[in-house]
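Alright, structures below, take your time with them.
Below are two complexes that have subunit A in common, paired first with subunit B and then with subunit C.
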Partner chain A sequence: MKITSVLTLSPTKVEAERPPIIGIPRALGYYEYLPLWRAFFEGLGCSVVLSAVTNKVILDQGVKASVDEACLPVKLYYGHVKALSGKADYVFVPRMISVQSKTYLCPKFLGIPDMLRGAAAFDSTYPQMLVANVNSRLSGGGWDKALTEAAEELGFSRLRIREAQKIAWKAQKDFEHRLIQGEYPPSALAIWEKSGRALEPGGVLPRSTKRRESIPSGGPHIAVMGHSYQLFDSFTSMNLLGRLKAKGVRVITPLAMDDEKCRQATRILPKRLFWSFGQKLLGSSLHLMNEPIDGLIYVAAFGCGPDSMIGEMVERHARRLGQVPYLLLTIDEHTGEAGVVTRIEAFLDLIMRQKEGHLLSAKA
Partner chain B sequence: MKVTFPHMGNMSIVIKALLKELNIEFIPPPPITKRTLSLGVQHAPESACLPLKINIGNFLEAAEKGADTVLMAGGIGPCRFGYYNQVQREILNDLGVNLNMIVLEPPDNHIGELLKRLRTLTGSNSWWRVVKAIRFAFAKCEALDDLERAASRIRCRELQRGDVDRVYAQGCQAIDQATTPKEIVQCRDEYLTKMRSLPLDHLKRPIRIGIVGEIYTLLEPSSNGFMEKNLGRLGAEVSRSIYLSEWVNEHLLKGLLPVKGHKLTRKRAQPYLNCMVGGHGQESIGATIEYAQQGYDGVIQVGPLTCMPEIVAQSIMPNVEKDFHIPVLTIYVDEQTGEAGLMTRLEAFVDMLERRKRIQVESGLQG
Partner chain C sequence: MVKDLLYLGVDVGSVSTNLVLIDKWGDVKEALYLRTQGRPLETIQRGLANLAERYEDHQIGGVGTTGSARTLASVVLGADVVKNEITAHAVAASRLVPGVRTILEIGGQDSKLILLKDGVVSDFSMNTVCAAGTGSFLDQQAARLQISIEEFGELAVKSNHAVRIAGRCSVFAESDMIHKQQMGHSLSDIVAGLCEALVRNFLNNLGKGKKLEAPMVFQGGVAANVGMRQAFEKALGHEIFIPEHHKVMGAVGSALLAQETVNHAGGFTQFKGFSMAEEQIVANSWECGDCPNLCEVIEIQEAGQLLARWGDRCGKWENALAVARSETVPEAQVQTAGQ
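Right, the complex of A and B next:
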């Protein structure tokens, strides 16, 4: 006979039906869509774990798992997915084909679930993946469909999915609004990065506890362009944003630009760009070039297709305009930190000298 | 209007035929040389892929000879080839070379955009005449492909080195000169017969290699270090996954003509790569599977360095290799690629395949 007492921890039933733990790799689409993903899965009742901030182990794992010719962000994605094995029941790997109508993302975004599946066939340590297609080129094929697909695979009901989507979009819109308001992107993202549960009961969005960081005034104003997975991962950008901030530079990134301004700025081009992230990069660069900024830094990933084209366009337009100093940093896993630091310092020196020169000539 | 165009394999013969039929003046770019490439490398973005650089070289050299209009293909993503013409326009503008660009690509909003672009090219020619010219040019394209296929197949059997290439070059020239559709077919048949009647080693059982990959580096021999020729001379029968007529039909004519397409090839790739990735990523996977099923001994994947679709395909290639037991060698080319280094890799691959085949045959005899 089985003896049960009030002291015995009951019920394995809840545990058996415990909602799955969803892992989100801290790479690629993460910096644009984390609030949407996290609020959605937490809204469903799942718990969410994030992979660790990029470190040497993740980098090494990624480099080992991927082909040499892939760009650094893609290599890191492999590493982040692998880092989640054993920590999550499923890792959410969206296949981002298109996030705006009539556009695409880079081919590697389109192929990455298959690339990971291929790697997993040789290596049993990969976690199970939850793949969903995001294709805004098809009518009704955007994030809503992708998230529904993913949640249905986990066995959630339509009603629950719809509720979670509402919360998710509220979170995403709030996040985007903060960015446009000029909040520093990593701090806007921080409330979604804490461990445990980010979403408060009843679907209330988390509030930031930290005071808004005051933006230093007086320092030079520099536009830092690049894919957000490149800029905000301190490994792939060699902590560029941190370094600039430490030097009192006011930084503006493409995330702080609204789509309409970007569209306006690219009107001068005879052909629409077909990469959605690329369009934002090119648009914000062209827009900011005509604003009172002191310099433009473009951070490109070595081997990135869109960067090789957009970086060139931006450079040529900047040179023709002749007002804004331009620095192109191309980074891969072999890039030495010291080299990058030297180039940034030289660039800042140049800008400071130019500013002083302007002041002197204004006085005279 | 003096029209020029980028080189891509035998494309120049085809476009020449088209423009001649339409009475449009044209200046073909000089053949691709070291100078072409270095002009391109000098002015193109460093990390752009190789075809863009060679294109720039072609345009600059053609402009030196007096061309003022470029006719080229485009696209709408996600491969960066679709944005080539825009970047190239900016580069040429900055150099003060004013070339008007006519880009053949799917229209953004309305079919009228494409027709308007075509009108600037065709001028007063009637649409009927345009259709006739396209059909004539396409006939040349198919004839050239037939010659090329035959050459790659029998090159490994030639007893006198260089025979096949000599006849092939003569055949291309003859087709270039042909003025009627009938003449084209005659030329093709004549040179196919000539090629077969060369002194050949008919008893040879060579290893068979399929080449898959990115279209430009597949079609333009100077960009891949004359890979097909070299493999033939190393004693391998070679086949290619894409020929010019197939690309023209699928990419430029949108499959209007009844030529074998790659729909089935893409479908074969689906268990491995279940999404279009632009360029020829899916075709590379699918074609490798097809070659394995046809009993080829090995596959070489070729692409320009940093080619995005081919990187996706390359990442998945090990799975195809394992499942279909076919060795795959991936080769990326760029302006730094040296011929000797490439040759060594091809030699090693061919040696490996020959040994593998010998062992298979021997164990087959025993078993």
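Right, the complex of A and C next:
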């Protein structure tokens, strides 16, 4: 790959060879890091394509290609990577080992590039992968190092990479700020699904007009806890958030919680959690349990190791505290929609009847 | 006339379809228990035709539906309220057994545990994808042992020493039972052991981490089985109450909910009348090929006229049809408008 000049900021000026097209699978880390990734690659002058929103074909392909014991989100990742073949020169597959100091991600995140490589060995339809290691446990080993690694492999210069990183972090910080402000995560992410240059001069950055979408103010307040890649993938979550919104529920997700609050809330535990997503989920849940919310739904991925423990811990604390109605929804590819719908409806009835003091008991 | 109004509750489950008429004091006037046999539409019509022999349209003050085919039933009947089974069962139990704290419900293919506090549901759980330990399994095993399901319970009560059977998985439970038979254990001990295994499975699966308090009610089709009741009493150490209409509690609950809803809304019902029993109602389905999701869309037609559609993830087909249904359609519209 040719090393492009630092000065040629516009991709049209790159002569002879066009900058590569980078594919980003719409799965796993996507829901939390898309702005960083997209702004970075577009900042370098690459173009970025996203895999389609999860559909039945992607799910089926993923389930077929992956190992049986993986959780549904990992199986989906395979499907999304495959969906990008022929559409991108490289598919960006970060190996997320650790994104915060002293924590790890789940082993499947650590192994995903290798798992994919294993699958690709028997299947020539896999696209070329661009792998980068994110390991905050090593000094200077975080996202900056990983992005540098990836861009150097593509032949970009250090200086150019640093410029792109500045753009990328600005994008990521803006996104995270919106989330903490309580913007509905799918609408905060929607900006970056259109372009990675939203923050640059001339970029279209919708001001938070959609922030307070038509949610009635009197609806119940429900904390919906779960991995972002499960909650915000409406296909695999059986459109849980959409269904709740349609019923007038105001939803709080872990993405709206800052790390400090989570840390405070998990102080009561005898031991520090070393999974960063787990820490966030447990911390958010424990924090929100003591807030004036009307219910807590934990969405667990069947086959997710950390969830099997965190979901249980959240449940125990919720019951011990006894203030907040709790619902555990476990979802995998065999889960029927009817069961999920029934549980959600029953849970909302429970909350509404508790709130209103129901009509029947008065008559009985 | 208002004084004599009755409320119709319909629970269309996987195994049985139950129709119930209650009066305004909540007393059950009629209770039909029909086998669904995989034909929910026809079964509902059959039940309706049966009631039409004794009742007239103007006597019906409200209609409620529940069960896994609640949406289907609501379209056919013109329901005033469409509610999930958990709420329906809880409403019925707390009306018939005031102060109830725990509801154990075992139906054809699912089981539920509902906990109440001050007359309101405080927690619940349902069995997951596995149907081990539900009515269908008992049916199957009774057939295998060549005893009728009615005798099954009686036999279990006669046992002095229930054998231990693995209840975690119905396939393994079956092989365990065969093994115990081959070893020479008596049939009643095996049947009692099976009841205990199912109860253990129920409590482990659904009751994990929950505090089950008395008074306790056992309902659903399986509650007729005295062996199961005895096994529950043994495991929980409390007397278990089985309501008279335990088989149709879901329908009773939805009738009560219909009464509540209609009274709340000003007294008008959407009931389409008993003539629906005679109408030609056809359900069609097709696979929509407009996107890779390949949704299976279901369409209900009454005498050539489109009544309802569902099953599409995007809501395109559902919304294309402007039918004012009580619950499902307006929700879907709000959802699209919000996106």
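Quick note on the criterion: the second predicted complex is superposed on the first by the 321 of 364 C-alpha atoms of A that agree within 3 Å, B and C clash if a C-alpha of one lies under 4 Å from a C-alpha of the other, contacts with A are read in each partner's own complex, and residues count from 1 in each chain.
The rule we apply is simple: contacts are C-beta pairs under 8 Å (C-beta built on N, C-alpha and C of every residue); 3 or more make two chains touch, one makes a residue touch a chain.
Everything quoted here is computed from the prediction, not taken from an experiment.
Colleague: Subunit A superposed: clash or fit between subunit B and subunit C?
Modeller: fit
Colleague: Once chain A of both complexes is superposed, is A:R316 in touch with subunit B (first), subunit C (second), both, or neither?
Modeller: both
Colleague: After lining up the shared chain so the two structures overlap, which partner does A:V134 touch, if you call subunit B first and subunit C second: first, second, both or neither?
Modeller: neither
Colleague: In the superposed arrangement, which partner chain does A:G111 touch: subunit B (first), subunit C (second), both, or neither?
Modeller: Only subunit B; A:G111 stays clear of subunit C.
Colleague: Go through the superposed model and pick first if A:A70 touches only subunit B, second if only subunit C, both, or neither.
Modeller: A:A70 sits against subunit B, while subunit C stays out of touch.
Colleague: After the superposition on chain A, what angle is formed at the C-alpha centre of subunit A by the C-alpha centres of subunit B and subunit C, rounded to the nearest 10 degrees?
Modeller: 80
Colleague: Return first, second, both or neither, reflecting whether A:T330 touches subunit B, subunit C, both chains, or no partner chain.
Modeller: Both: A:T330 reaches subunit B and subunit C.
Colleague: Touch check for A:V299: first (subunit B), second (subunit C), both, or neither?
Modeller: Neither: A:V299 stays clear of subunit B and subunit C.
Colleague: Could you look at A:F122 and tell me whether it touches subunit B, subunit C, both or neither (first, second, both, neither)?
Modeller: first
Colleague: Give one of first, second, both or neither to describe whether A:N239 is in contact with subunit B, with subunit C, with both, or with none.
Modeller: In the superposed model, A:N239 contacts subunit C only, not subunit B.
Colleague: Touch test for A:F274: subunit B only (first), subunit C only (second), both, or neither?
Modeller: After superposing on A, A:F274 lies in contact with subunit B but is clear of subunit C.
Colleague: Please give the least Cα distance, whole angstrom, that subunit B and subunit C reach in the superposed model.
Modeller: 5 Å.
Colleague: Residue overlap on subunit A between the subunit B contact set and the subunit C contact set?
Modeller: On subunit A, the overlap between the subunit B and subunit C contacts is residues 316, 319, 330.
Colleague: Using the touch definition from the top, list the residues of subunit C that touch subunit A in their complex.
Modeller: Touching subunit A: residues 68, 83-87, 91, 94-95, 98, 118-124, 126, 128-129, 209-210, 256, 260, 264, 291-294, 313, 331-332, 334-335, 337-339 of subunit C.
Colleague: Name, in rising order, each residue of subunit A that touches subunit C in their complex.
Modeller: Within the complex, subunit A touches subunit C at residues 52, 55-58, 213-214, 235, 239, 242-243, 245-247, 315-316, 319, 325-326, 330, 334-336, 338-339, 341-343, 345-347, 349-350, 353-354, 357-361, 364.
Colleague: Which stretch or stretches of subunit B touch subunit A in the complex?
Modeller: So the residues of subunit B touching subunit A come out as 45-49, 76-80, 82-83, 85-87, 89-91, 94, 108, 272-279, 281, 305-306, 308-309, 311-312, 314-316, 318-319, 322, 332.
Colleague: Residue numbers of subunit A touching subunit B in their complex, please.
Modeller: Interface residues on the subunit A side: 66-67, 69-70, 95, 97, 102-108, 110-111, 114-115, 118-119, 121-122, 133, 269-275, 300, 302-309, 311-313, 316, 319-320, 330.
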